[in-house]
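Scroll down for the structure; my scribbles are underneath it.
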Amino acid sequence: METSIYARGLETMNQVVGEAGARTRDHLRAILPDFERMLVEFPFGTVYSRPGLDLKTREIATVAALTALGYAIPQLKVHIYGARRVGCTEEEIKEIMMQMAIYAGFPAALNGLAAAADVFAEEKREEAQATW
Amino acid sequence: METSIYARGLETMNQVVGEAGARTRDHLRAILPDFERMLVEFPFGTVYSRPGLDLKTREIATVAALTALGYAIPQLKVHIYGARRVGCTEEEIKEIMMQMAIYAGFPAALNGLAAAADVFAEEKREEAQATW
Amino acid sequence: METSIYARGLETMNQVVGEAGARTRDHLRAILPDFERMLVEFPFGTVYSRPGLDLKTREIATVAALTALGYAIPQLKVHIYGARRVGCTEEEIKEIMMQMAIYAGFPAALNGLAAAADVFAEEKREEAQATW
Amino acid sequence: METSIYARGLETMNQVVGEAGARTRDHLRAILPDFERMLVEFPFGTVYSRPGLDLKTREIATVAALTALGYAIPQLKVHIYGARRVGCTEEEIKEIMMQMAIYAGFPAALNGLAAAADVFAEEKREEAQATW
Amino acid sequence: METSIYARGLETMNQVVGEAGARTRDHLRAILPDFERMLVEFPFGTVYSRPGLDLKTREIATVAALTALGYAIPQLKVHIYGARRVGCTEEEIKEIMMQMAIYAGFPAALNGLAAAADVFAEEKREEAQATW
Amino acid sequence: METSIYARGLETMNQVVGEAGARTRDHLRAILPDFERMLVEFPFGTVYSRPGLDLKTREIATVAALTALGYAIPQLKVHIYGARRVGCTEEEIKEIMMQMAIYAGFPAALNGLAAAADVFAEEKREEAQATW
């Protein structure tokens, strides 16, 4: 049964944060494997896999919250990438960053936008390579 | 032209946070009227009135961010109320709170849920009075 | 198997935060029962029940963190009460608050101390009633 | 020598936060007297009594920081009162709150303004009593 | 009329953060030009250009707040540079950082001081080049 | 007498954070020597040297708090190193990080673990050199 929460979590995690999530899991398995299991089971196997909100809405909420918190730039980048994967446009993500200036101030919004610009540029590099 | 940003802001602010926003504006007019103007013009007249995201999505992002920040309970209540007005169900709002446990911890999520329960109870009291 | 994580979590939660935890669970069951389950299963059934740290050390870490975060006073009170239940003296808890002035500033430390004084006074009221 | 840091701290603390500081000291003496000593000696005896910034500038910096942090409302009120005592006008304090909307968001600024309005109203009540 | 808020904001922004602000604006124009407009119009055209506080006092409040928030190092550097441009001495800025240890803890103060040391060293490099 | 607080602080600081603390002190002496003195006297000479908690417990509280705050990675690394020096095992430190996911969210815990992995790797490099 625990295995099935892990399996469901892995499926949802792959769907949302794909390669970026796989790198986090590899990193954790080398430091603290039990925490890799928790990361798959609780956020993705227990919360994200619930039917109450679609994945795009969940990623919008997460991108907003991580931008507002200000100190979680690596995780914000993973979820900007995730938001793109589950259907957010670049414009929608930039609107959220702009809106966070109201609630968490301009510095949080500016650092969020810089993170988004990095992720979008990386996406374009990968697309360019893929079309070769 | 400035008047028109204010007018557009007032219309959007009324649409989103209605009576709760009007109380904030009254309070500000008594302390610092220029800040009442800024509150209408920047968040609502400049950001919320942009076409890039619908109001329901904007309120989901705001409720997520204010829950994560943890210290902005009065404003969180105003925006839980606003989220309900622009189309969020109680269940959607509770899903967001639950999801914030992942990104900002269980205390922030628990305090967000308590704020939501207060707003939902108040809505029910007002509906009960209205049907009399 | 899930039931057993819940059962283990309930046992650990009762051991650490006793009545205060029971009130939180009752409150959650009335608003969002699935979150009551998560609160029992993840923090208590998955993390606190691990053998790597004894419960007293876990509560010291939690009291330190909640004091530093500053906005989680209701949860801080629950864990000051929990720290006392798993073996912390009043003096040890006050030392932690004092130490937090270094890392999170005097306001966080002062608000933590005020929360501790409330919990200690409540303990004394209950003891006085119990000896009647 | 330690006594003299305490004495210098007490003088500066009285000059800046007067009665409000005395209440905090009384409260601390009843819970954790060594922390009362630290509060007098480090913030006031060691930092505030330095010649590098005048007390009005120090209180402007403190009011700005506590407003931005968002969770330290009791201490913010003490320092709004202190700022008034060392020469800030109500208008200057309100300008700082407004400015914090840029750096920490509108909720932090709105809660700071509400704290300022409370302190200003309390000042007026006391003046009214004093003129009787 | 909007243009004039932008023009006034640009003038104030240039006066306060000069080259550092110009780099931020260039960066924003490439990602999200509407946000460049908001950054000029709201913080600088609407708040900083008000007569209630002089620019030096405004920069002291901003440097204090950004140091206390802890996660906004790029913006803190811009405003340390700005504080110097509108008349703060290195000593005054270091006093503010030291004072923030009281309200936000030693880590925030230490990171603020490191940012200040970087900005001061950069200033000296530029002066050395200019005197060649 | 002041000298003796400094001397006691230096002894405690060396005991807890050793070389890492010495680097911080050197850095501060070059920027703001009076703050070097405060860092030795207040955190280490006044708080850490008190008998109420042993140094291992103090470092557990500090590592927990700095992980939860999220933005103080350089200081967190110094105190992970310190925690190891006063008797924490790698496993205990990783348990604290994992536990912080509950109270401050997974991003804070993940960034704390990454900091711990860096410190542990550095320890192993130094041991490898020392055995040559």
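Each chain gets a letter, A, B, C, D, E and F, in the order it is written, and its residues are counted from 1.
Assume a contact is a pair of C-beta atoms (placed from the backbone, for glycine too) under 8 Å apart; a residue touches a chain by one contact, two chains touch by 3 or more.
Worth saying up front: this structure is predicted, and the values here are computed from it rather than measured.
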**OP:** Provide the labels of all chains in contact with subunit A and in contact with subunit E.
**Re:** B, C, D, F
**OP:** Between subunit C and subunit E, two touching copies, which fits better, same or different residues at the interface, with half of the numbers shared as the threshold?
**Re:** same
Subject >> A-E, D-E or B-C - pair sharing over half of the C-F contact pairs >> reply: D-E
**OP:** Averaging only over C-alpha atoms, locate the centres of subunit D and subunit F and give their separation in whole Å.
**Re:** 30
**OP:** Send over the residues of subunit B in touch with two or more other chains.
**Re:** 34, 38, 42-43, 47, 50, 66, 68-72, 75, 94, 98, 101-108
Original post:
For subunit B, which residues count as touching subunit F in their complex?
Top reply: 68, 101-108
Subject >> Residues of subunit A that touch subunit E when the two form their complex >> reply: 69-71, 94, 97-98, 101, 105-111, 113-114, 116-117
Original post:
Which subunit D residues qualify as touching subunit F in the complex?
Top reply: 1-2, 5, 34, 38, 42, 46-47, 50
**OP:** State the interface residues of subunit B toward subunit A in the complex, per the touch definition above.
**Re:** 42-43, 47-48, 50, 52-53, 57-58, 60-69, 72, 75, 91-92, 94-96, 98-104
**OP:** Note which residues of subunit A are touching subunit F in the complex, please.
**Re:** 24, 27-28, 30-32, 34-35, 38-39, 43, 66, 69-72, 74-75
